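The following blocks contain the structures, represented as structure tokens.
One chain, subunit A, links the two complexes that follow: it is found with subunit B in the first and with subunit C in the second.
The block that comes next holds the complex of A and B.
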């Protein structure tokens, strides 16, 4: 990818800033429609947060995002990602280790899962049937809106009125009870929601984790039930709610998208960070690169998050003051960290004796709602969680291409890690290398409590706090979703009310990152939706699939 | 009452519970020609809208001590003024207490006090105006039966259309802001607008008082709006102290209903509602005595009504489950102090002791106070809303003496509730702002959510019967399918704070139910 075609400096129809998966998807759909598109990427590699990197010799790290489920199958098909080399291998199951040396497993086979649950609580095993049915009903409902542009409820334009009516009709069809549940789903805390079904603390903790991933919210914060839904609505091979590994790491997604894009004549320039979006006479005319070059085109699509787009690479005087204030108020607080570890062999988890298969899925070490909530209290106080929630995976058990034979790669996602620290009562202190290492040590200790030989197997570990995520990937404050998934930043409110249809406040400027509807999680939906709106504005035939019901 | 006013369906009504909503409901139904009997389990009437003598000669409001949303139509219709309801003080300013005597006074849209920047003052004027406007969207629904969603009924669709229109009418800019902030937390909304920590802390209290929320919890903007929707003497957002305490509201209501011929039976605890062939036919007292009726109205909290008075056997499983899941964790405690003189708050003039005093020095403080209750502990450093009603109303204490009434958060419901250590911590916090207060205390009382449950029978000790939250509001209060006051049993109606539009001594649920039954005055 590094030796991309940089033959001409003009004649582009569109420039896409940032070669993340959304930028790539957006560019690919535009290129398919016949536009001449160039992507400018600041890093020497592509992928943004869906990236594979060899950071230790012989090991490929998915060093940001690490599993795949939300990537829309419609996009997968439309961009022929399989043809360009993407393979998603499903994995199943998860295990939650308890402090008393026991574990709670979740299995692909539903009957086995229920039996396991009954080991903790018969009542919960029964409730799980109802729980999964209810979650699935909500997932089915929301999925049809992922590849649709959210209508502006304040607008009387035909598109918005038509879409509002469509939304209304779909809501209506649900009926009173389900609609009531839907409202509750968007406003309740995951803790309260789970209390309605389950009684056992370990079972609740096992389910609650995905309600906080990537969010600066605690399990007891109203609004986290939706975050759980966001993590449940994906699919692998038509199996809703399941997760998979991209073979070769998450960079394989970006690579396949880039393959499609380039096959349609697209051009990618790496090492080409944008200094400024050029605006003349109220219209964008191109971008000025950090290396002094200028690239011109009548359309500029930003895959950067909304804060970076408007506060860093645009000149404030090109924007309305009130708009800038709204961008400043956009909530993009980082809350996550990551450890990427090269292992000399497989770590042992003594609690799993007799059932070593369990390490093929997600592993968690928090066994009560209260411990999860206290982890969040630390974040509020400006510190990383002392008893963190980790989502641990060993992808090399499923995809051996990522490490030398017999060796393994471990991905450890961590909640909560604040973007700034409070030190000695002073808020807003920057992370230092010592802080980062101390954080890494906290996480390694947490894992070591359940795996005594783990520490000795570590050959190399990359520790990433929000500081590293921001510096390298360009995610402001290290927020993995390019903005929190709360009610004020969803649907027609995302990223900013009145600007939720991928169009920026300047003519010719578009936004395609996860800051836009429907948000983050390697979905590629914002990129695809933005392409549809651009093609609509250009009166070009649409190349972007609309969401459909496949069940 | 004349015969022309008599509703054609007028019959015999039994109301369970003589709380203020039950009394209001009784009055309207009696006016419409119904024969109304109220059954009250306790020996006093008024439910939680009560005053009590906690030490010889010292009286206070038992729960809420400020009136801010008593329906003005109710006051007028029932002529409560002539029945003795009078405000000892209306439109109280708020004083936010800070460290070392620093403080701010907030009154209407004005802030006075040191350290507040011009930007904050201006921002507050805009904020207050906007919040009042947004609050009217919500309070505009207070006197309506919540529309059902997806019922297909014309009246429901009109109701929903009206709600949509009231939001649309805000104009593009405000509508966007309303849709953005109505569901989120007050912490972020205040952080976006203000610099002054003391100001933000004090304003955040409006979003968390009486709830299981911290300032960072989403939904706290909504509770702040709910609070700001009411009015006193025609002034929206004002707070008042009734003469004689909150019990005076109930006393005036009792006089009003008795004048209308309603009978109130105290010490009459209802065991269950009589149900025959899916229709309520009366209420059975725990003594076994049956009080037959054409209409039964329960003012108990939703869980008591559904799970005890109706009983799970009369309900479908889905309804039982929904009701069991209603959230009603009470977190508010009440401190009552009998004082042998007016306490001296550092930095305040004596006259300011009569204001609404707020201990919520900054947002983090309030959030940390909330942290404890998530784990069933009481706050190490609690937040407080303090009034000294005897400044305005000499009848509450012996001459020259005073009573202090403070809502204290957060106190857990459940085993951690009765911790003796809590009162010591509350006093320590109070003494930080009024250093000599401990020496002035003649008698004291700290009521926790468990006390409220014991005293008033509301499960969870929650002042609003059910948490005020977006998922428990309007057509979802108390639960979907029973939010239009009609229980899923013919002839049985829900009333009380657990129904739309929630608690806060408004009387609106009572009025709405009466109008629903009588079919008059639509």
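The block that comes next holds the complex of A and C.
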């Protein structure tokens, strides 16, 4: 990199481990504040789980994450991501196919959507207003904390006291009813929650899906209502809950962040996996790379998940025993898989009878809460779901850049896929290539039940189980959020109590990945919040934006 | 016949449906100026809003209100259910009568307002702005009632203005002149049933005409035939907006937020806060929200609904209202120049204790002349009663014009 900066003695002010989107955002904010920053990334490419790669000639995949909503607009703007080539195009609508050859759709037009719901239940169609108002209430509460560091409730530092008071005030402002609702919401199962609004099984199933994405929990498990909120609190251009495609695939987000970072003098080293964070005299001094090189800096920021950071690239002897135990206990169970498929043409879904809207949004094939729960039962039994829940999209119907005209890229997110398998009664068996292929086959079969010509259109498929996600992205157990999104691991308890402010237990060590508040998804908030704290410690001017409030 | 069949899997192909009057309305709609009203398209204006407005105040006007949400409530417990649902004593609405009402959530906050048509002994139709089936079913637990959404089973025209009674007589509705305000009568029109209620949203003499959708065009034709020499005109929602503000009628989503759609705390309103205390019958047996409303009555309300008479001629759309010391007092929710009263009027939500009749306030009005924006602080007075209240509204039989 010709415009990269090192400090006077040729070194760096900070090393960011990992070029995931949070590492990139963090590094960009630090570089904007004038720090000399280097990112060391183990892969030959950047982006982590926000990546686009060409695995089949002419096709660009969104290999992991595939849709964008959580990315904070404040960060989008502050890092000038538009200038660096990012465009997020909203899409609308979704469909749930039912086993009887019908389907339930959701449309951008609210009246059409209401009528579609009335096709199944007139009462549910009306109840959805109440439901959306209640979800929006929860969104409004959580959204204001996304670009704030969570206060430490045990601390008497002015910052924490002030933030605790803010939290308390906002709680109080919710009013008596909503306060109660909030507590219920964070502890309820999505199934129980939906029962309070809807009567029709297909409608419940359609709504329940986003309560289990990326989570090792079933629709009937407490805590899944919050997971749904995590997927509803984003926005595209101020439209809360909307989702969009990053033009060119999710890698475009990482690419734009890298563009901003490099324009501010930052340096990215790929193929530079970190073997160990070097600690001397209770302080970090740099990192040792797998290739034997060392890079030195007084400040090291880890974009890796909390387990990888402390149990793999740090020497446990540099850490307190209790701390290490808590890190070990951090829940990061993998539960998801993914298929990325190059298609020779557009698959047909006969149930749609030519409805052109439904294939532009999310497609789902599970039509009852019970089927969703059974899909989870398989996970508990150490197997991928035999009747899996998939979130299927064909981004190329919106994005002209990802496949040749008339050809398509299909992104199939799959729930549930365990990190280890139980084989012949033996728990904890590793995945083999045959297992992976059998899993891929299960998913292709599931889709084929609803699209007879689908299989014949497949030109190439990338099948990813937690094994591949861990090996490639470094997501421990393949957990897509770098740690589960349950109340015990949220806000000031994320990743572990006492360490929710992006500072590690060793001087000079910081954490900026999704293991930290406010959690996973392509949001960039953990990276940005970590940068704010780092700059505070360095007494440098803050380059990280505050959140825009809704009112 | 149902205008919209909910079981139709391909309904999405018609994003917005035509009402059964559409064919005729479209022939009049020289501006092609249509708006969306829930599942339907209806005219915003046909020709010219002022002309349409004056048709309603000077002759007679026809407004297509088919999209209005309608629920039919019947069954052995229908009356008890209605009384549990709404704030007013429904027992006083005799068969063949209509009553305006509001209904509230547990916290005494208004979910919607609407009219109860007591169609026949124990059979009610509830007309409202928003769909209510979820709330009605929730409220029906423990009652033996039958609740159906009949929005798409009934076509309706609001027929309003001073010559309406004369025209209906010409149409052959025998005895229509004896129908008192809020009365319902049934007629045979060319062999089908026409239900007429002396109701409306204009605060004037007028009727609402209800038929099965398949007879809609006949109704339209017979009405326009009879009205030809009496100044009949179709009118759109823009003219109606002025008419209803003059009449002091509130609109859901504009003058108040339906409680079950509210996200932010403090955004909802009680009936007292909407000037509808007269609809709250605390002496009747328990109804949803009663406890909260009793408490509010004791402790006072947060807001006051006020009708404002504003100096000058610049409509106070979306104005902030200040008190004499320039302190914030509230906001305007609806505003218009009243062509009939010749005053500048507005409906406003004020913070208590502002809003007593006679209170002097200031409206901050932004207006534009040739692209230049200016601002005035227009003095205004809180007034009692409605801005337009012609005696013919109450007279039975009503005058012919």
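As a working rule, the second predicted complex is superposed on the first by the 538 of 551 C-alpha atoms of A that agree within 3 Å, B and C clash if a C-alpha of one lies under 4 Å from a C-alpha of the other, contacts with A are read in each partner's own complex, and residues count from 1 in each chain.
By our rule, a contact is a pair of C-beta atoms (placed from the backbone, for glycine too) under 8 Å apart; a residue touches a chain by one contact, two chains touch by 3 or more.
No experiment lies behind these values; they were computed from the predicted model shown.
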{"item": "Touched partner set for A:498, first subunit B, second subunit C, both or neither", "value": "first"}
{"item": "Which of subunit B and subunit C A:136 touches, first, second, both or neither", "value": "second"}
{"item": "Partner chain(s) touched by A:526 [first = subunit B, second = subunit C, both, neither]", "value": "neither"}
{"item": "Which superposed partner A:118 touches (first subunit B, second subunit C, both, neither)", "value": "second"}
{"item": "Touched partner set for A:196, first subunit B, second subunit C, both or neither", "value": "first"}
{"item": "First, second, both or neither for A:180, with subunit B first and subunit C second", "value": "first"}
{"item": "Contacts of A:487 with subunit B and subunit C, given as first, second, both or neither", "value": "first"}
{"item": "Subunit C-contacting residues of subunit A that also contact subunit B", "value": "174-175, 177"}
{"item": "In the complex with subunit A, residue positions of subunit B that touch it", "value": "148-151, 168, 172, 175-177, 179-181, 183-184, 188, 192, 213, 216-219, 318, 321, 325, 327, 364, 367, 371, 374-375, 469-471, 475-476, 479-481"}
{"item": "Subunit A - residues contacting subunit C, complex", "value": "102, 105, 107, 109, 111-112, 114-116, 118-119, 122-127, 129-130, 133, 136-137, 140, 173-175, 177-178, 353, 355, 357, 551"}
{"item": "Subunit C - residues contacting subunit A, complex", "value": "4, 6-12, 15-16, 36, 38-39, 107, 130-135, 137, 149, 260-266"}
{"item": "Residues of subunit A that touch subunit B when the two form their complex", "value": "153-154, 171-172, 174-177, 179-180, 183-184, 186-188, 192, 195-196, 217, 220-223, 329, 331, 370, 373-374, 377, 380, 486-488, 492-493, 497-498"}
